[in-house]
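Right, I'll just put the structure down here and ask away after.
Labels run A, B, C, D, E and F following the written order; every chain starts at residue 1.
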Amino acid sequence: MSHLGIVLTGSPFDSERWRTAYEIGRSALERGHEVSIFAYLDGVYVPMTDQHFEEAAADGLYQKMPTKLYQELLDSGAEMFVCGLCTDARSVDTESQIPDEITVGLLPDLADIIGEADRVISL
Amino acid sequence: MSHLGIVLTGSPFDSERWRTAYEIGRSALERGHEVSIFAYLDGVYVPMTDQHFEEAAADGLYQKMPTKLYQELLDSGAEMFVCGLCTDARSVDTESQIPDEITVGLLPDLADIIGEADRVISL
Amino acid sequence: MKKSVAVILTRAPYGRIHLSEGLRAAGGIAAGFDHHDVTVIFAEDAVYAAREDVDREALNMPAQITDLKANDGTMLVDRSAMEVRNIDSQEIMDDTVIVSASEVTESIQDAEEVLTF
Amino acid sequence: MKKSVAVILTRAPYGRIHLSEGLRAAGGIAAGFDHHDVTVIFAEDAVYAAREDVDREALNMPAQITDLKANDGTMLVDRSAMEVRNIDSQEIMDDTVIVSASEVTESIQDAEEVLTF
Amino acid sequence: MIYLVDKPHEDIGLRTARGDPEAIVVLIQDGVFLDPDIEGTVYAVERDTEVRGVTLPPEIEPITYGELVDLVFETEVKTFL
Amino acid sequence: MIYLVDKPHEDIGLRTARGDPEAIVVLIQDGVFLDPDIEGTVYAVERDTEVRGVTLPPEIEPITYGELVDLVFETEVKTFL
């Protein structure tokens, strides 16, 4: 078993990085690896609870919202942090809008992931 | 008196469009014009209440957060809409996280602004 | 007041919401009280989205295009942007019209308002 | 485990948070438990931010750079990105080191991890 | 007509402006780094040039947001941001 | 070493890969539109090519996320996204 670190900086609607991070993270978990995700900058918008967007469902990218896909990662054992300064700046309420499994962290957590993971991918 | 419409699609931290929209809107209001802003896509993150980011204050761009600057626009009489589908998709709680002066609207409101404004700027 | 509006799509289609939501805005503007005249222009990296081989369902395009067409909106594709990206005319969907760079310029000039996504 | 980390800044500095927050991340990584070796690379449009004429206060850079330097981080500027943008060596701040394209390549190659902002 | 031009939309923005003999180009945000080869008047938003430490060539005039608003109501505006 | 390359960071990504005789380039997201002129192995993420309707040239191999993860743990990875 190896350990993959992922740094995620893009918002759910402005780039594909959130989706790529999900796909890579899921594949790594399925292969029995450990996954740690650090959400930084607009990446903290990604795992927010209660995203609804029926109009964009179709068969498309938002058929399952980032809320759902990241909850799946958490349920499969991914470790995840959101940068607390970033959530404060963006008025994301970490109590009510970030899943309980996610740790509100700071840069030392990112430094630790970099030190502990076998590989880090920056998205 | 003329009427300026502004369509805002960028988030507060990923591009400068929110700031440009503020500056142009403020100047138009100071000159006695009417200003209507339609926040669409990640633009709905811009006027969210309770943004805090002491670390980025300095003399810089976030010395006054988007929360504050857009509240100033509202206090000066700007009319503002956020796209309700966009807030739902982003899990923005319009009750608690969007100022009361802002109308949660839909595309017909954008169509009206385009029809009523003398000029429309898209940011 | 009814106006002519150009909606310019500029971004690569996949992984972000701009193409689908730009089209939705175009349809919504055309369907509004004033029934604005809306021309959608696939420009820059958005020309990738006008290709037949694109999975429109996966881009949430069909409903938006139906709404736009129902309100007499038109869709233009910038040939000069296609050329830069080695996209051939045969690759482009039938429900769009391929136009030259100068026709793109003209249709932006003629529009009373321009929105960019 | 202590690692060497390259933090590549790629975006134009003003109006978005990436430059300031990329530098803050670099400093935070250097200051962490492992005291990683951090090299910040001003590349692409971020070379604009390495110019003396830039208002560093307005970009919230000073505190971040102080933290980075206090933890032995270094800042490189990609000369090839400067050339494309007509930026002269004299315009670049003293606390950064201008390096050639191949030195940039080498320092990215040598780094065990790469983060891009 | 006014053409508000930012990077990275300068290609379509300037191309459109070139077709207009009465074009007024206003460089805004990162657009102030551009030095467009174009007939007609070119402005750059003063605040955006200042904060970026950009020295404008003599043929490009600085413009304040207030002046820009006046200009926008005098003629039509096309935005390329 | 693996170079994960997306647009618009292809310049610095491919430039870095060119200096490595054992480079494995993996095109990802909008990077699958690229056709890089480079020695060595080039992959493109399968899902990203499919959804974009991109037909890969014969010298570019599709790769699944799972295969990419395996590859990443076999060698080092540099990301240019």
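The working rule: a residue touches a chain if its C-beta (ideal position, glycine included) is under 8 Å from a C-beta of that chain, and two chains touch if they have at least 3 such contacts.
Quick caveat, the model's predicted, so the values are computed rather than measured.
Student: Any chance you could name the chains that touch subunit B and subunit D both?
Tutor: A, E
Student: Pick out whichever of the two, C-F or D-F, is joined by more C-beta pairs in contact.
Tutor: Comparing D-F with C-F, the pair joined by more C-beta contacts is D-F.
Student: Under the over-half criterion for shared residue numbers, do copies subunit A and subunit B use the same patch or different patches to meet?
Tutor: same
Student: Could you work out how far the Cα centre of subunit B sits from that of subunit F, in whole Å?
Tutor: 39
Student: Per the centroid of Cα atoms for each chain, what is the distance between subunit A and subunit B, given in Å?
Tutor: Here subunit A and subunit B have centroids separated by 27 Å.
Student: When the C-alpha atoms of subunit C and subunit E are each averaged to a single point, how far apart are the two points in Å?
Tutor: 25
Student: Two or more other chains in contact with one residue: find those residues in subunit B.
Tutor: If we look for residues of subunit B contacting two or more partner chains, we find 13-14, 16-17, 20, 41, 55-56, 62, 89, 119-120, 122.
Student: Where in subunit F do residues touch two or more of the other chains?
Tutor: In subunit F, 29-30, 76, 79, 81 touch at least two other chains.
Student: Which subunit D residues sit where two or more other chains touch them?
Tutor: In subunit D, 14-15, 17-18, 24, 55, 58, 114-116 touch at least two other chains.
Student: Touching pairs of chains, which are they?
Tutor: The list of touching pairs comes to A-B, A-C, A-D, A-F, B-C, B-D, B-E, C-E, C-F, D-E, D-F.
Student: Can you tell me which positions in subunit D touch subunit E when the two form their complex?
Tutor: For subunit D paired with subunit E, touching residues are 12-15, 45, 48, 51-55, 58, 85.
Student: Can you list the residues on subunit B that touch subunit D in the complex?
Tutor: The touching residues are 13-17, 19-20, 55-62.
Student: Within their complex, state which residues of subunit F touch subunit C.
Tutor: So the residues of subunit F in touch with subunit C come to 7, 29-30, 33, 48, 50-55.
Student: Mind pulling up the subunit A residues that touch subunit B in the complex?
Tutor: Touch list, subunit A to subunit B: 11-14, 41-42, 45, 48-53, 55-56, 62, 65, 67, 85, 88-91, 93, 97.
Student: Which residues of subunit F touch subunit D in their complex?
Tutor: It comes out as residues 1, 9, 11-12, 15-16, 18-20, 76, 78-81.
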